[in-house]
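The data blocks that follow each hold one structure.
What follows is a pair of complexes built around chain A, which joins chain B in one and chain C in the other.
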Partner chain A sequence: MRKYLVKRLFQIVLTLFIYLTITFIILQAQPGDITNVYVLNPKIPPEVRERLREQLGLDKPLFFQYLQYLQNMATGNLGISFSQYPRPVWEIIKERLPRTVLLFLVAYLIYFFFGYQMGKLIAWKRSGVLEYSSTIIGSFLYTVFTPWWALLMLWIFAFKLGWLPNGKFITVEIWRNFRDISANQVFNLILIAGGAMTAFIFLSYYLGRRLGTRRAAANVTVAAVIVSVGAIAFLIASTTVGYLAADILKHLILPVVTLSTINFAGYMLLMRNSMLETIREDYVMAARAKGLPDRVVRNRHAARNALLPIVTSFILALATVVDGGIITETLFSWPGIGLTMLNAILSEDMPLAMGALVFTGIFLLIGHLVADLLYAYLDPRIKYS
Partner chain B sequence: MGFKVKLGLVAVLALALGLLVAVTAVPQGGGRVYRMGFHEDMTTTSYMNYVGPGSTVWNAYVLGNMHPSLYGLSDVTFQPILSLAEDYATPVAREGGFYTSSICISPGNTWSDGTEITAEDIAFTLNGILELDPIALGGNWPYSVDPDLFDHMDVTSKYCVKFYLKDKPGLSRWEYGMLGAPILQKAFWGPKFEAALASADPVATIYADPGQPEPSATSWVFEKWEPGAYAELVRSYTNAPTELEGMSRLLECEGGFYGTASVGSVFGGGYRGSLYAVASNATEYGTIKGLESQLKADTSYYKYNDANLALIVRTNTSNDYNALWNAVSGKLSEIESAIGCNKTLDFAPGPYVDAVVYKLYGTLAAGALALISGEIDFQLNPLGYELGLRRQLEAAPGVTVFSNPDNGIFYFSFNLRRPPMNNIYFRKALDCMIDREYVTTELLQGVAEAAYSVVPPGNAYWFRPPSEEEKQARCIGFSAAAKLKKAVEYLEMGGFTWQVKPEVLPDGTIKAGRGIKLDGQLVPEIEYIHPNAAYDNRRNIFGLHVSKAANTLGIPLRNVPTGFNVIVSRVFDEQDFDMWSLGWSLGIYPDYLEGFFHSQYAELGGQNAQGYSNPEFDALAEAFVLEQDIVKARELALQMQAFLADELPYVPLFYAPTYEAYRSDFIQFPYTQVLAGVSDMNGMISYVKLIR
Partner chain C sequence: MEAAQVRYQPLWRVRLGLMRKSLATNWELFRDSKIGPIGLAIILFFGIFGALHPLLMSTVWDAAIYDPVTGYDFPTDAQLKQGLTHPLPPSTKHLLGTDPWGRDILSQLMYSTRAEFFLGVFAAFVTVFIGTLIGAISAYYGGFTDTFFMRLADVVMLFPLLAFLIVLSAMINLNLYTLAIVIGVIGGFGGITVVLKSQALTIKVKPYIEAAKVSGGSHLHIITTHIIPNVLPLSFLYMMFNVTGAIFTEAVLSFFGLMNIQMSWGLMVEMANISGYLVGDAVTKYWWLFWPASLSISLLCTAFYLVGRGIDEIVNPRLRKR
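Right, the complex of A and B next:
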């Protein structure tokens, strides 16, 4: 395994190098540079543009710029943003990342959960109304044009019914009463609280299992959920940060629902297909022959084994949580990494665009590695040497 | 999953929803808040950075509201008026090796931290920017502190400074340039400038500073920027006390009279009334002077400025602001009736709100939706609404849509270094063939207006409409057949011949030409690069129209719709092109006529990318930039425009009116008809009144 890990890490470094080079070439292939905006301001003399190009290093030969870029990447320096000069790229990514992670992580978890559950059910109860209706609706949503669906959701739930906010991630009228608290502080706290809550629930479940029975484990888990929710409720009700966090969560609903409705069908159909193959296996028949209840055969024998491709797909998808979604972020006025990357590319802010792409690339490569390792963990038949 | 677990999950969901409902019920922030939407975020909170590389319109909306300048521009007519200055600058005079001019500011003006604005702040700003190097600072700094013009500034008294200039400036570099430069507070920026100058990279150091919390000299102080969400300005009650609301009046009359009466708080307590009136002509000025005995008050600083046809009255300090207001407003009313003012503007500037919130939406459409739903009062929108959104807004209750001429021009131009584009008749023929009215009304459905001049008609004082003779020469209002005949005439005058000559057939249809030749040689293919539909559909459609018109004449013109950056690189950086189309956003003073067309800017990277060179025009342009008399400057600008209409280095295509919208059931603007729209006035934050 160690040998495999070393080999994979080497591959990652090599892939990253190729990725960096290709990214650089593609972005540099765009005509012009960020100083183009000055051309259209008659008040700004041409020498100002020239000086700015010098300051940003754009007057240097392309190969020199490439070497400098590689050197910066090797030392973890993502450079200075051109459009927000002289703000470091890393600072901008750090600012936008929690927003993207929260939105897409929540959406991923929800549509993975629903996709898994639905896929499991419709494979088990084939040729029923549930299968046909879920497949048709799921396929429709999976192929729906995302901007249209997002706008429709906004139109219905925000504009017509007024139940949910019209995009954005905070209610300005609430936040301007709490001037000393920044949105990012709250985003980070939500992520930490969410992580802590999940860890607490899993730990409780684990300890419950150690106690012996499944029933005991379930009881402990429910208790942990109630305690966690109670703690969160207490924080929301009694602290300013809690209130503000709840405001962010309220803004999260519509984009998450939009993303989930579009994407859950992918997992549902994947799970369905995987289940259909699994339930034909001998061990499932054996489990049935033993007289085990249907639910037990489905959940513990079939679904668990069918989970493998889903988990791999999920882990890879999780790695893309950090790059956000340009369409979703734009339509819901949710300025995360995706929107930042788009604006950077449009304004020819190369360091910021490359910084965001590199960051995403590294995450994706690590995600691949984790998926491979998880594969071996979930399926003991797989051995890396 | 067990029943209890399911129950737990249901409980979690119910609780979460309950909490979110609870948050919805949180009482909203009080006070009078003016809510505006914008759809691109700020990039900095530093005013230094905003004037420099961060000079985006989005930064301007928020940060461009807090700094004083010696001169300002009047509402709607945009004439230079006194702002921080007590009186006009003395005429620029030769003194030793320099040209000098002195100016004083009114005493008693304060920063929002309560300290007084003095000559030290002015000298610090201009000398400091010069020391940091305006060219290296970039952005608009070289326009405010022109290193080719400004040498240094001396403080001559607590409120007076003296400019030392390298050259004698014209209006563009003086009244519309340096005298309008922003003033920074020395106490706040001084240590930052010192630290920057001591560092290895002064420019990066000064721009890395967040520049907040910076004291303001206006009614507004920067409060907060939540990146990706909103920004906020709050009212400075030091500079704009609530008790003075409504105690100011701004009056403009047909012809150009400008007058203000106001009461302002003075540092250290007390108030001062002031009256400032600028006559539009000598007769009007004579009338104002004739009122001297009625106007004069014993305790007033009282002065006529004959050179600028201005009357300046400032009272001594008093604690009775009501009495002061009655005195100065009464005087303005006397002047109003004496000159027989036909009012074009008459309102009481505010501010009337306590805070201004700028909410960020991901797209223009999302902002428009917020306007319709009443989430915002006005949407800042430099490019205006396109037809679809406009119709949606027009149909929304409580929303008023209005339009204004934009101060910009869309054009196409030629590489005058290459044949046949350097042939004036070639350019005249193409100009003649283009049916701007057809494109703007039929194809673009009124979202654009036909253009014939580089200076847009919205900039009324400097605009030169085409004369009758010119209309004939440029085929304005001609039918398609008449246009073709005239264009063929032009081409023949230019020495062009055809294998198949274009003509109007007896049945009135047009037969396209083919194989156009110049000096017996076939004209090679001409490439016309213009913005594609994704970037700007209006210019794309005009591009297709120009191409079709040229092809009808037998000119082998091939239009290439492409991206903005491709055009900019090829035209301005490489000068490797035949014809191109772009647009300009223009300033109020038309010194761009010199910048775009003087031969000295024809080098690589210069704005005269077309390479236009005409010594006669150059001489006019040079005289124009040096001119100090606005009437004479206008004459020169009109002559320059006549030149351009004849020689056509640019062929103007269209102007684009700006459509904006606001909640007329929530707010009131004193006026909405202004060049480039209310957005260009940063949303009139100091004028708007809430009525919701």
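Right, the complex of A and C next:
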């Protein structure tokens, strides 16, 4: 296992290196250099541009620039944003990336769960009206024009029904009463609370498995979920920070729903195909012949094994999901890395755009590694050699 | 005398007969999938829809009014009396109304269809061409070539295409052709090579490849006449999925206003967006600015995807009915 991990880490470093090289080539392929963007800007005199060139090392030969670029990436020195002038790019990305990660994790858990369940059911009852209609609706949702879907969600839930806020990250009217609390502090607390809750639930499941039967473990897990949800509800209801956190979470709902509905369909269809293949395996027939209840055969024998290709496809689809995230973030004005990148491009802020692109790549690579490990954990047949 | 009685069929006729036979069985499977024909019907509809545009422009529609980019129509007196100006609601003259600049929406919609088809099919063709070639070559030669292209595919698969295109749009002039080529080439070196390579590997070990080698067939001959034709059905399947991807990507880039293009469905939505018609009540009040174009994008993408799934039922024997 350790050998495998080391090998994977080495591969990922290599991939990252190639990725950085490609981004460098893209940067070099444009005519002139980064400072040419400001040739016509009267606020930035030639001396400043000259200083910028020196700072970025653009007056040196290409190979030195490449080495400098790699060194900068390694030390996290990504330059200074043009559009948010005195702020370093690294600081902006450090602020924005967790927001994207939270959005993805929540959406991922939801659509994975529903896609898995629905796909399982559809494949089990083949050639029904259910299969036919869900395939058509699923295909439509999977290929739907995301901006249209997102705007439709906004229109229904934010405008017509007025249940949820109309995009953005926080409601300013609420937050201006609490000037000494910044959104980032509250957001970090949300991340910590979410992490703690997940760890607590997993730990209690693990302990439950060690202590007794499968049923006992399930009971302990349900109890842990109730306790942690209750604790969070109490914190939200009783404290100021909880109240503000609830405001951020409220803004999170619509992007998550949009992202989930789109990706859920893809997983459902994949799960269906994978299920159809496993249903024909001999062990499924053996389980049926033994007289096990239908539900047990479906859930324990067929669906568990059908899950593996889904995890593989998660690795393949990671880039697509990130792309979908950029669109979703833009339409809901969720200030994550995708919106930052788009705004940077529209305001010709190349250092920030390149930084965001590089970090999107790093985010993807880490996701890739996690999915790999998950896959190895799920399928004991995989050998780490 | 006996030999003259035997009727020799020319080779092309035998081939044609076989082809027709396999086409008939495949069509039956495709029809049985139920979802494939729906997709095909939608594609045909859009095909006719797009082909009608030049016809209508040269016969019924006046270019000064109905041109998708430069046309302009004055509101009629009756409409002005009601206080209506552009964007005008649907009427007999403009079946889907006009946009805020007085241009006919239906004409824009029809005009854009051609571009979407061109972009989708061209990008998918480039992807499949590169993917099939590389898949076949790396399966056939193995060794370093194989490792190189598979590792490259790993990197490309991790590439956030949309993010990359957004950054690229700041540097090069993205129009329909460059976008199609960029999407096609990046896609071609990506995941498709892995899938097609594994398919080509199963063909490489077949006896007829050995036979071709023994009878002195060159590498190029074996790859082009034995391996690639057997990979093609799977390539065709991936082509359908790639068309969806390309059309979607173009629409999103147009929607962000990053494309250098005269008219497209994504651009129609973007123009409605930047002029403030996609906020609040306007979504339903000015529905013709937003819904036809968005629905067209979604429907055409879905159609190619459905056809892909229909072909999947033919190509993938494990999916056939119990």
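Everything that follows uses one rule, which is that the second predicted complex is superposed on the first by the 313 of 385 C-alpha atoms of A that agree within 3 Å, B and C clash if a C-alpha of one lies under 4 Å from a C-alpha of the other, contacts with A are read in each partner's own complex, and residues count from 1 in each chain.
In the analysis below, a contact is a pair of C-beta atoms (placed from the backbone, for glycine too) under 8 Å apart; a residue touches a chain by one contact, two chains touch by 3 or more.
As the structure is a prediction and not an experimental result, all values here were calculated from the model.
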First (chain B), second (chain C), both or neither touched by A:V144: second
Touching partner for A:Y283 - first (chain B), second (chain C), both, neither: neither
Touching partner for A:E348 - first (chain B), second (chain C), both, neither: both
First, second, both or neither for A:I226, with chain B first and chain C second: first
Touched partner set for A:V48, first chain B, second chain C, both or neither: first
Touching partner for A:A29 - first (chain B), second (chain C), both, neither: second
Chain B or chain C, by number of chain A residues touched: B
Which superposed partner A:L40 touches (first chain B, second chain C, both, neither): first
Partner chain(s) touched by A:Y377 [first = chain B, second = chain C, both, neither]: neither
First (chain B), second (chain C), both or neither touched by A:T360: second
Interface residues of chain A shared between complexes with chain B and chain C: 30, 159, 330, 348
Complex contacts: residues of chain B adjacent to chain A: 2, 4-5, 7-9, 11-12, 15-16, 19-20, 22-24, 26, 28-29, 33, 35, 40-41, 43-44, 49, 53-55, 135-136, 138-140, 142-143, 203-204, 207-208, 223-224, 226-230, 232, 355, 357, 359-363, 366, 369-370, 372-373, 375, 563-566, 568-570, 572-573, 582-587, 591-592, 595-596, 601, 605-607
Chain C-touching residues of chain A, taken from the complex the two chains share: 15, 18-19, 22, 26, 29-30, 126-127, 132, 135-136, 139-140, 142-148, 151-152, 155, 159, 269, 273, 276-277, 280, 316, 318-320, 322-323, 326-327, 330, 338, 341-342, 345-346, 348, 350, 353-354, 356-357, 360-361, 364-365, 368
Chain A-touching residues of chain C, taken from the complex the two chains share: 34-35, 38, 154-155, 157-164, 166-172, 191, 244, 248, 251-252, 255-258, 269, 278, 280-281, 283-284, 290, 294-295, 297-298, 301-302, 304-306, 309, 318-319, 321-322
List of chain A residues in touch with chain B within their complex: 30-32, 36, 39-52, 55, 80, 83-87, 95-96, 99, 154, 158-159, 162, 166-170, 172-177, 179, 182-183, 215, 218-219, 221-222, 225-226, 229, 233, 236-237, 243, 246-247, 249-250, 253, 329-335, 339, 343, 348
